[in-house]
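What follows is a pair of complexes built around subunit A, which joins subunit B in one and subunit C in the other.
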Partner chain A sequence: MDEFEAFLDAGGIVEPNDDIPERYRHAVFRFIELHANSEYMGGLTERDWIPKAPGMHRKLTALAKSQDEIGHAHLLYMVAADLEVKTREEMMVDLLEGRTHFHNVFHYRVHSWADQIAVAYLVDGAALASQQAVFKNCSYGPYKRILRRVIAEEGFHMRNGEEMVLLMAHGTNTQHEMMQEAINRWWLPAVQLFGPDSRPDDELLRWHIKSERNEDLRDRYVQKFVPQLLNGGFTIPDPGLRKDPDDGKWKISEIDWEPLKKTMRNGGPDSARRIADARSAWENADWVRTALDAAAKAHT
Partner chain B sequence: MKTYEVFLKKEGKDPFSHAGSVDAPDDELARTYAREAYGRRSEGDQMWVVPRSDILIADETELKLADRNHRHNDGQLLAELRRTTSSGES
Partner chain C sequence: MTITKSTLNAVRSAVALVKDPEYPDLNIQQLGILEDVVIDASSIRVDLVPTILGCPALDTIEQDVLAAARALGYEVTVRFCHSPAWTPDRISDDAKKILAHEYTIAITPRTGNTECPLCGHTSLEKRSDVGPTACRSVHWCPNCRNPIEVVRSRKAQDQ
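On to the complex of A and B.
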């Protein structure tokens, strides 16, 4: 392991056929599986909003975004499966049976179209920041290579998100209020996406899977998004938010991480409904899998 | 004889990339020829050799059809909104 860690510290990149410590293999696998599950669950919610999006243009961008998210899940499940811990089907079944997890932000209800905008802006913004930090210095080659594409597409989503937030900022009072309510609901989950402060012995950092500490990513996010929201005429739902007179940086209130732990164990307000919805999508597509298997058999 | 396409991967972060092709009577010789033609100075530490006839090829028209305007955002509207927002609200 010492030799392997020295290889990683020197900027070494791991490929699937390399001889690697099992603990590294499993850590990378769990990380990618969580990412894949999150893209998949996110993509399903996006899909729900295609018919409800206002106007043809927004329906089309919602359609493109759903396809991107499901596409990311597909790329990630392929990369995860090559680690030979679980097959793609096993990962899918574990997710649908509630045995594995997905990011906190996909455990809450999306109440309105404004929520969907808040998700595109605040949540995709947070996800993009954390993916960029992984991409920068990721030791697992196949993951790093597909993150390039994932990040490029998340960039589109964020651009669409910011565009829609500003349109709401310029809109009627009702639209402004709707947007504010959505920001009130999604600000904290987005900030929590980065997770609690990284532990000093975090293996993901030591093995260069992640390259930045959670608290640093969270802080940078706050510095970027607080001024943008204030500039749009919105408030931040955090009574403890203040600008530090010494370093001029925005400081948020202490976060209570207890509710997040329950949420991450699939006990969030919308977890059960979302998992049931994903399960019915899987069951409804059973005939497609059966047909594909039959076609594959016919060719061999 | 069959034509094979050769892909090489250098040690490090770069993905596999196309190196060239070789003609060979069978898979075994294709691997040898590919190694001798494209890998004799450690140009890569991994190599894929694929029969050209096994590669499915999509043409330009097909790929153009996959692209759709609504998947892009040129940032023009956003730039305009950013400009008017900062002058109006702050």
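On to the complex of A and C.
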């Protein structure tokens, strides 16, 4: 293990055909499975908004984003399954039975189109920041390569989110209010996406699966998004928010992490409905999988 | 205002540098999306060829092309052409290398099998017709064990 860790510290990239220590293999698997589950659940949420998106252009964008997320999940599940901890089928069943987890931001209800914009802007912005940090120094080759493309595509989503927030910021009073309400609902979940402060002995950091501490990512996010929101004429739903006179940085209130823990155990406000929805999507598409399998067999 | 050949060339050089929204390292010229810059009823028109019909990035590309021309002081119009059809052959050789090395994205050659951009293996296993984007299919390289996305040719899109 010491030798392996020295290899990782020197910037070594682990490939699937290498001799991979068990603990690393399991850690990287769990990390990728969580990411895959989150992309999958995110894609389903996005899908809900395709028929409701205002106008052809927004529908196209919602459709493309949904395809992006499901496609990312597809690639991630391939790499996760290859680590031979669980089969892809097992990962799907675990997710749909509520035995495994997905990111906190997909455990809440998306109330309105403005909420969907807040998700595209605040949540995708947070997800992008955390993926960029993982990509920068990620030791698992196949995952790093997928992240390269995921980041490029998420960057496009982010731009879309920024564009829509600007539109709402400069829109009618009603639009501005709708957007403010959505920001009030989504600010904290977005900030919590980075998770509580990293433990000093975090294996994900030690093995260069992640390259930055959660608190550093969260802080950078706050410094970027607080001024943007204020410039848009919005307020931030944090009475304790202040600018530190010493270093000029924005400081947010202490976060109570207890509700997040419950949410992450699939006990969030909308967890049960989301999982049931994913299950029915899976069951309803059963005939497609059967048909595709049959077609593939007929070809060989 | 008379539009001279050098004006068209200047506009062409500027809009050629517009980045593709989903491949920030590549511009629309390298990807073969930029078809031509022409004079149309005494104004300048930029013709673009979408990689796939219904591509969600078209609106963004159009806005960026308008902005690039405006930065030179020209108002242009953008037309998306349905002919000629875009094919992966339109991607420049240097862009193909960037796609392979930076993005692990392969292009099906005119003849022969698609090569894994990582290890050169030539028997990729197809896993799905489309991936995260409608213009790429998803394959698996059984040799180096990586998912490989392949830019779809028009023929494959029609199937």
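Keep in mind that, in the parts below, the second predicted complex is superposed on the first by the 295 of 300 C-alpha atoms of A that agree within 3 Å, B and C clash if a C-alpha of one lies under 4 Å from a C-alpha of the other, contacts with A are read in each partner's own complex, and residues count from 1 in each chain.
Rule of thumb we're sticking to: contacts are C-beta pairs under 8 Å (C-beta built on N, C-alpha and C of every residue); 3 or more make two chains touch, one makes a residue touch a chain.
Computed from a prediction, not measured in an experiment: that's the story for all the values here.
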Query = Clash or fit: subunit B and subunit C on subunit A?
reply = clash
Query = Of the partners subunit B and subunit C, which touch A:Arg145 in the superposed model: first, second, both, neither?
reply = both
Request  = Look at A:Ala169 in the shared chain and tell me whether it touches subunit B only, subunit C only, both, or neither; answer first, second, both or neither.
outcome  = first
Task = Please indicate which partner A:Leu241 is in contact with in the superposed arrangement: first for subunit B, second for subunit C, both, or neither.
result = neither
Request  = With both structures superposed, pick whichever of subunit B and subunit C touches the larger number of subunit A residues.
outcome  = C
Ask   = If you stack the two complexes on chain A, which partner ends up touching A:Leu63: first (subunit B), second (subunit C), both, or neither?
value = both
Task = With the two complexes superposed on chain A, say which partner A:Pro16 touches: subunit B (first), subunit C (second), both, or neither.
result = second
Inquiry  = Contact-wise, after the overlay, does A:Leu75 reach subunit B, subunit C, both or neither (first, second, both, neither)?
reply    = second
Inquiry  = Looking at A:Ile50 after the superposition, I want to know if it touches subunit B, subunit C, both of them or none. Which is it: first, second, both, neither?
reply    = neither
Message = By the touch definition above, which subunit A residues appear in both interfaces, subunit B in one complex and subunit C in the other?
response = 15, 17, 57, 60-61, 63-64, 68, 141, 145, 156, 159-160
Inquiry  = Can you tell me which positions in subunit A touch subunit B when the two form their complex?
reply    = 13, 15, 17, 57, 60-61, 63-64, 68, 141, 144-145, 156, 159-160, 162-163, 166-167, 169-170, 230-233
Interface residues, subunit A side, partner subunit C - complex = 15-17, 57, 60-61, 63-65, 67-72, 74-75, 78-79, 82, 141-142, 145-146, 148-150, 152-153, 155-156, 159-160
Remark   = In the complex, the residues of subunit B that touch subunit A are 9, 11-13, 15, 46, 68, 70-73, 75, 77-78, 81-82, 84-86, 89-90
Note = Per the touch rule, the subunit C residues reaching subunit A in their complex are 21-24, 54, 56-57, 59-60, 102-105, 118, 127-128, 130-134, 138, 140, 144-147, 149
